[in-house]
Amino acid sequence: MTGVMLKDIRKAYGAVEVIHGIDLEIRHGEFVVFVGPSGCGKSTLLRMIAGLEDISGGTMTIGGEVVNQVPPSKRGIAMVFQSYALYPHMSVYENMAFGMRIARRPKAEIDARVREAGEILQLTPFLDRLPKALSGGQRQRVAIGRAICRNPKVFLFDEPLSNLDAALRVATRIEIAKLAETMPETTMIYVTHDQIEAMTLADRIVVLSGGTIEQVGAPLELYERPANLFVARFIGSPAMNILPATIEETGATTTVTLAGGKAVTLDLASDAARKGEAASFGVRPEDLRPAEGEDFLFEGKVSIVETLGEVTLVYIEGLTADDEPIIVKLAGTRSYERGKTARFTAEPKALHLFDADGQTLRR
Amino acid sequence: MGHLVYALVTVVIGLAGAAIYFYASNLLLDRALPYRDAEGARASRNLRRANAIRPWLFMLPAIVILSVYLVYPVLESIWLSFHGKAGIDFVGLSNYHWMLVDPEFRESIVNNLLWLLIVPALSTFFGLVIAALADRIWWGNIAKSLIFMPMAISFVGASVIWKFIYDFRPAGSEQIGLLNAVVVFFGGNPHAWITIPFWNSVFLMVILVWIQTGFAMVILSAALRSIPDETIEAAVIDGANGLQIFFKIMVPQIWGTIAVVWTTITILVLKVFDIVLAMTNGQWDTQVLANLMFEWMFRGGGDFGRGAVIALVIMVLVVPIMIWNIHNARQELR
Amino acid sequence: MFSSLRQSPLLFLTHLSVLVLVIVWTIPTAGLLISSLRQPDQIATSGWWTALSASEQNNTFTTPPADTASQAEDGFALSGNVFGKDGSGSVSAFGSSFMKPRAFDAGETAKLRSGGTLTVAQNGDYRMTFDKKPEGGRGERIFYTSVEPPAFTLRNYQEVLRAEGIGQSFINSLTVAIPSTAIPILIAAYAAYALAWMRFPGRLLLVAVVVGLLVVPLQMSLIPLLRLYNGIGGFFGVPAQTYVGVWLAHTAFGLPLAIYLLRNYIAGLPREIMESARVDGASDFDIFRKIILPLSFPALASFAIFQFLWTWNDLLVALVFLGTGNDKLVLTARLVNLLGSRGNNWEILTASAFITIIVPLIVFFALQRFLVRGLLAGSVKGG
């Protein structure tokens, strides 16, 4: 079993700690994606798993063996780098064979492995070419092929798609998903800042921020039940609308007053002690719909309308203190006039409430 | 021919020796502190130690050579400067005292300062002008290549080239030196240029300017080309003319590079030796520090104390530039 | 970037100024080259810039002994060509007396005082007639003015290579320059890799030291090293001034630039390539040999060219550490010697100087690209 266990993992550069005690268990054969804004420590964490960064504190095990001091090549990992990191002076074949040559594997084995990887990734016609004679997508495949050749127990990806153009990114994403399916015994850890990659590839997503884990969970779980304000805003596009609110009534349901004075009742239970506390009220743009009559959540002036064809984004201003607009995402093309007042509402089940510390009030 | 073969054999032995040193020392380190086949804590401890030692293995030959040939001599020179001719008797400050009162030393310092003022200024100026102009014409690269060419010529070779230009024949006979021929053509009298004090130094400086302009030009040309086109286009839209664009938009953006060129040539000027030795050997008031130092190394059987004092003066003049360079390099590293 | 200025009327002026500068910068070398190919007496009597046009020269030709004149219809005659059997040239005027060497134009017939006639045609054919059989074994002198086409010769080169020791010095220079260029490269490359990519305490300090050493004047090192070499030579009973000594000195003086240039270049290589190799199981030594060295080729080439030019053109280090023995002089030192001993023999000096600079010039024009790149990367160094 080749799961990866992180116990209170820390990383410090001098006096500055950038990873603050990460606990995480990645199961054998699982596909885990690290997401987070830039600077959140996701790449550092991956590089610590790879052995490219020293571990300042905590214990890391791969397949049950403590690897804190084990060099990268002995951890049974392979890594696909963001820039691919192909050796520019070696042919595709030599790039893929390099690791095995260093390990002094027999020639026949090297040849068989390289050709097999070439076959899987449709690189056979290019084996004699230098990286500079390849397209971006082909280089990407060579990088993956080089990792496959190492026959790793843990496969690490560091933002592997960010250097590709949009169309190729989608195609390669699907290829990686297929590859993962053909290697069910291999644990995959994938770092990205792109939530679509995270949502589509992951068995579980780890959301990181400021060197700590915000939430770990299956993609839909994160979307539907974010653990806190950060995850709620990070997953989903456009981000969840957040409004300051005050808790008025507690009990089996909770009633809050929004900044504008509007009272809203949510379908979630709350502690009586919370009465009178400040809170944040959240609703996703795609959960909002036009309101009929007096039964509305928001009422405000339409400031901008973006018609994208498949959806229409309506911006409503003047409801939040910091002038951030409320965004409404409606399916299809709708016509709204700028400057006119519009009303929107949402299902009570789709409403979120966060306490003063940003933690979700659970249903 | 024999020692050329000897040289080639040395190259092979030297390179092989270096390769063997690096290979063997690394192998030895891996043997002494194995981690590939060792297990667990011992492997990781060995790896850590090996990684702490390996950089020093890589740098050892360089550190040894640099210490013996550059660091030790600085200290030794300071020590020698307090000692007599053969570097044995302690003589206190008398070498320094000699230096302060020696007219030849004073002449050298004055000349060196003149060189410092004129050569970097002229080389940088011509280099900048050519860099700016040559980029605008289709044969600019050929022009730059030709002006860059003297960089490849040794100072001694350049001295012969220019000695021929300054050559003097008595008035009335046909001049074979280009300078005198031109002077005579315009009705002047020919002169033995390199014997006229003050101006002869300038004629020697011309040689170094001739050599160094190419260097300045190459660096400044690259700097000019790295200026964002947009700033120039913006200035054109703002109605600036060519000269205004050059002096108000382009030159201010490459001040850093100009400073680097200037200081680099300054260091070179401080060390100028070959030209003076070949052209005048310090006669007719053209003496400079480096040549004076060379003379004292051998004059009268050699006076190491005085030679060392002069070397220290050159060193002291370089120190501010050294500090500035280190400062810049450290900022880049950050 | 100057597209907007392209139409400027100043463009003509730009062409002109660059042309003038290029001419000023090229003429000194051109003069040297042309002079070195001229006849020694021509170098000494006329400017090299006259060498490209035809020149008039006054010459004297002495005929074969007069008594060899043969019988002809109008008496006795001597005939031949003033330029000799294979020579060629163009006679513009001639005369029979020293006082009036240009008395007659080519083709005219001159009356001789002795009673005969003399004709010299433009192509140099002459015919001298005598009324009676001339006596005496002396030849008659013919004075003529010829227009000589530009004449060039390689004689000066043959002369200096053979007699002036330039050939020997050429070999000496190669002997000094080749090891001095090759040896520092590997040493510097390892140090540069360590300084660029390995983590150890004191790394930044060492980089600063290297930057500082870049500008240490080598004058500083001469006396202490000379003493050191003398000491070592005396202790082991070997000569103090050897090629090994020069090679090591040049290696040391080139090392700071080499380390600095290579470190900058190697530090600029993508980090991920080295990390990838590390994941692939490569040690530092493997990474250096298999990744860094092949990828650093352009920087290595730049440095090699620099170091070669510098060691080939060096005078000071060779003078101090190799000495002034006649068989040990490198080209630059030989040239300085010639300047002293043959200061007015411009045919010797120009040919020697050109041999001195030809190798660097070839290197320069063939590898200018690398040279420029190196300059741009290492412009802190004082040259």
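Couple of notes before you dig in:
By letter and in written order, the chains are A, B and C; residue numbering begins at 1 in each of them.
Following the convention adopted for this analysis, a contact is a pair of C-beta atoms (placed from the backbone, for glycine too) under 8 Å apart; a residue touches a chain by one contact, two chains touch by 3 or more.
Just so we're on the same page, UniProt names per chain: A = sn-glycerol-3-phosphate ABC transporter ATP-binding protein UgpC; B = Sugar ABC transporter permease; C = Carbohydrate ABC transporter permease.
In this text the structure is predicted, and so the values were computed from the model without any measurement.
Separation of subunit B from subunit C in touch steps, taking the shortest path, is 1.
Taking A-C and A-B together, the pair of chains sharing more C-beta contacts is A-C. Relative to the centroid of all protein Cα atoms, the closest per-chain Cα centroid is that of B. Remark: subunit B and subunit C have CA centroids separated by 22 Å (rounded to whole angstrom).
Subunit A and subunit C have centres, each the mean of its CA atoms, that are 67 Å apart.
Taking the mean of the C-alpha atoms as each chain's centre, subunit A and subunit B sit 55 Å apart.
Residue numbers of subunit A whose C-beta contacts span two or more other chains: 71, 74. The set of subunit C residues that touch two or more partner chains is empty.
Among the residues of subunit B, none is in touch with two or more other chains.
Against subunit C, the residues of subunit A that register as touching in their complex are 47, 50-52, 71-74, 77-79, 81-89, 98-99, 102-103, 146, 150. Looking at the complex, you find that subunit A touches subunit B at residues 68-71, 74.
Contact residues of subunit C toward subunit B in the complex are 1-2, 4-6, 8, 10-11, 14-15, 17-19, 21-22, 25-29, 31-32, 35, 43-49, 171-172, 174-176, 178-179, 182-183, 186-188, 190-191, 193-195, 198-200, 203-204, 206-208, 210-228, 243-244, 247-249, 251-253, 255-256, 259, 283-285, 288, 309, 312-316, 319-320, 331-332, 335-336, 339, 346, 349-350, 352-353, 356-357, 360-361, 363-365, 368, 371-372, 375-376, 379-383. Residues of subunit C that touch subunit A in their complex: 270, 272-273, 275-282, 286, 290-291, 294-295. Of all residues in subunit B, those touching subunit C in their complex are 1, 3-4, 6-8, 10-11, 14-15, 18-19, 22-23, 26, 30, 51-52, 54-56, 58-59, 61-63, 65-66, 68-74, 76-77, 80, 87, 126, 129-130, 133-137, 140, 143, 145-157, 159-165, 167, 174-178, 181, 210, 213, 215, 218-219, 222, 225, 227, 229, 232-233, 236, 242, 260-261, 264, 267-268, 270-271, 273-274, 277-278, 290, 293-294, 297, 304, 307-308, 310-312, 314-315, 318, 321-322, 325-326, 328-330, 333.
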